[in-house]
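Comments concern the structure below.
Per-chain residue numbering starts at 1, and chain names A, B, C and D are given in the order in which the chains are listed.
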């Protein structure tokens, strides 16, 4: 009870401080920060030299929370169409025609990874299609927590499509905790069962190519999505379609229409534009010698 | 070479070849190695956590009088309620603590430690003070960063100026991914070289001791 | 047409076989090529050279045993470099699987070459869960995160640790990583505590870190086995990485040849198709 | 209760870490408190590593009990888990084979079985990368051509033999590659991605702290 009280009070204070006046805060960045920054390295307990980080964090939080609130209120928030999303539906459709299973891997990271969460929400959409057409689905996972979350997601999708009877708890299964032990097992499954469609959505590491090449050898259609830049070239080379970087998050927001995801994405987009504007401004000031060095100091991390 | 060393080399060689055999075809020997591998890796964590967490971080300091550590000890133990359908919610408390602290550090360190410095070092002079080469490089970096950020911008259709910038962005991205692929080939080959070094030198070398 | 079709649909096992041969042949017929030094490696070497002699440094083993071939030569070279400069070395790892034992084995192999003694000249802190907490926590007190070293000896009994409380007493951090932990060393330790650091990483990770080098967050970078080989050359201690360069060269050339062959086949069969279906 | 308590704990601990960032550690109460939370985290988090072990033991045990297809292999998994774990937790004062030090069963199994297997799994990637390059690297579109050409040139540049070849051409190609490709275009894209990913991670963290994002709590 007390916890709830404390929590809701702080939440309210935050809401008021952050949500009501985001514009004021934006103005703060542009106008007020310089004099404050000037008095760095005072010996007080408060780190005035980190005020720039404070401002960035405040603006960022404000943007994300504001858009999340708008999304919850049902305001129409525009997101551009992500190419490749139809590819997911088509690929699942193909599996249906061929009567062979769909393999979905929500990455190999723990549930605290944003990519895993995005992957699981895309899994929700895929499970709805497989439920609708009674296509077999297999979801191997690497962590107990992901297992629980994915099971819940798939079950919910089957219930929503009115196919509770065809839901099987073993659709989502725990395979192994070690990265390559997991990969070895899934590779074995691919060669034995030859799924028609493999979908990889989440955080992938060195196993990306091991999986994608084996899937290709097994003749499956493959769609991948990950935010790891170092693994993207391999998915691009070995899969039929690849969602790159933040496209994964955008796709999950787009598919799920979940206000939380949508709001977060819109908030990030807003800050991204601020960053682009700041970089352009900085480059101009530095290039034309218009006090660029002072401007650069605002971005000093200490 | 002692017989123990010989045995060790042959064990390594057996499991190395067992896993490589999958390249030709899935087979029972590979499957055996795969299952032993999974078990050993899991077992490794038990020894590690027992020693580095439970004994040195928890038990010993507690005996030395740091009784507050009972709290994280209990929280850690509560993680295992995850496996009971009835009480699994209790484990959320511990999990929430881990997620909360980590998120707190992340929220700050990502924005402060990555975004700020990376922005700062992008704001370079496009003038010719440091020579034409430096100017050209600065232009490449500035355009590359901005067009990449724009490519991953979802709030507007990629049309007009935004479309052109995003198009430049994808070209930049492909150059970077190409470089990444080229680099990675080196990495993967290095690891294979490591195994071949073992097989060629240690394992084949051991034949002379046997035959 | 059928020739290109056959080439294009060749069983992938033939490709595997060729790769295998390309790796083995250079071991039988070794060839040497000059290894050039890239600026990032030179910067790293110079930065380590510039660390004051006898100061305390950290060498971090943030890699899994699976990437030993790439990463171990880097840690080995770094230890040679620091011991040669009489630096005190603290090793640790954020990798549960194998990290602490690799640090132990490698350091104990190199230290005797320089007459270095455990506890006085080098210490292995081992592993603790949660890199975010470990990296942040050591900013205030290393002892609170690592009450004992890897083999269970209390930190207070190690003479080297007497003068080391937190990052303030660390002159330099040499991070060797095969994963994203290097990002957290940058975003937490370098950004908040200002300790200069450099990074040795696998070839897979390297392209990302050029950005950190240019921003001054890393003072230098070793990318994969080639980076390790360059560092070995600079140190005049050619070892495993230099040896591997021959095999490396041949496989690269093989893969490039296959990419070209694949594309010629692709264009040839496309042209043929056009002829068949006007 | 089942949701409120965890959400409140996540909020309090996260918020405290954010606030403590803006205060000097030594000087303040909050600094000391946050340091304690970090120590606690290394303990509580350590236990999560064991969750996976319990899971894999359960899954395999059930498979063996039900005599599911391939159960005989699962027996090997179970035996391996115990062979590794049990001697490791027994005190080394009983026998040098126990504990984790050099010469123990734990260390031996790790060095001679686990480690080479990890390295081998990774090494198989060299084969896959070759076949992927051969099969999938086609100059189909402008984008894939750029990817292919850059990859090929970088591959050449990164090995001594290839570099010697590149030096046959006029113009210092290796320096060009290092300056304008690696430190130019590649750096710019990586930076864009780093910034984007940092924003994504920060937004996720924020939502976890405020209890908006609860997926990590799972079922129940």
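Couple of notes before you dig in:
Here, a contact is a pair of C-beta atoms (placed from the backbone, for glycine too) under 8 Å apart; a residue touches a chain by one contact, two chains touch by 3 or more.
Source: prediction; values computed, not measured.
The most distant chain from chain B, with centres taken as the mean of CA atoms, is A. Mean C-alpha positions place chain B and chain C at a centre distance of 13 Å.
With centres defined as mean CA coordinates, chain B is found 18 Å away from chain A. Each of the following residues of chain D touches two or more other chains: 5, 7, 9, 11-12, 15, 18, 21, 38-39, 41-43, 45-46, 48-49, 51-54, 56, 110, 114, 117-119, 121-127, 129, 131, 133, 135, 137, 147-148, 151-152, 155, 158-159, 182-183, 186-187, 189-191, 193-196, 198-199, 201-202, 204, 206, 216, 218-220. Residue positions of chain C with contacts to 2 or more other chains are 12, 16, 19, 23, 66-69, 96-98, 128-130, 132-133, 136, 187, 191-192, 203-204, 207-208, 211, 214, 224, 226, 248, 251-252, 255.
Residues of chain B in contact with at least two other chains: 19, 22-23, 31, 34, 37-38, 41-42, 44-45, 48-49, 51-53, 57, 82, 88, 95, 98-99, 101-102, 105-108, 110-120, 122, 141-142, 145-146, 149, 152, 173, 176-181, 183-186, 188-189, 191-192, 194-195. Taken as a contact graph, the chains are fully connected, with every chain touching every other chain. Within the complex, the chain C residues that touch chain D are 12, 15-16, 18-20, 23, 31, 33-36, 38-39, 64-69, 96-98, 101, 104, 128-130, 132-134, 136-137, 139-141, 144-145, 151, 187, 192, 203, 207-208, 210-211, 214, 224, 226, 245, 248-256, 258-263, 266-267.
Remark: chain C residues 13, 16, 19, 23-24, 27, 66-70, 96-98, 100, 126-130, 132-133, 136, 147-148, 152, 183-184, 186-188, 190-192, 202-204, 206-207, 211, 214-217, 223-226, 240, 243-244, 247-248, 251-252, 255 touch chain B in the complex.
Per the touch definition, chain B reaches chain C in the complex via residues 23-24, 41, 44-45, 48-49, 51-53, 55-57, 60-61, 98, 101-102, 105-106, 109-110, 112-114, 116-118, 120-121, 141, 176, 179-180, 183-197, 200.
By the touch criterion given at the top, residues 12, 66, 97, 179, 191-192, 194, 204-205, 207-208 of chain C touch chain A in their complex.
Listed in rising order, the residues of chain A touching chain C in the complex are 178, 180, 205-206, 217, 229-230, 301-302.
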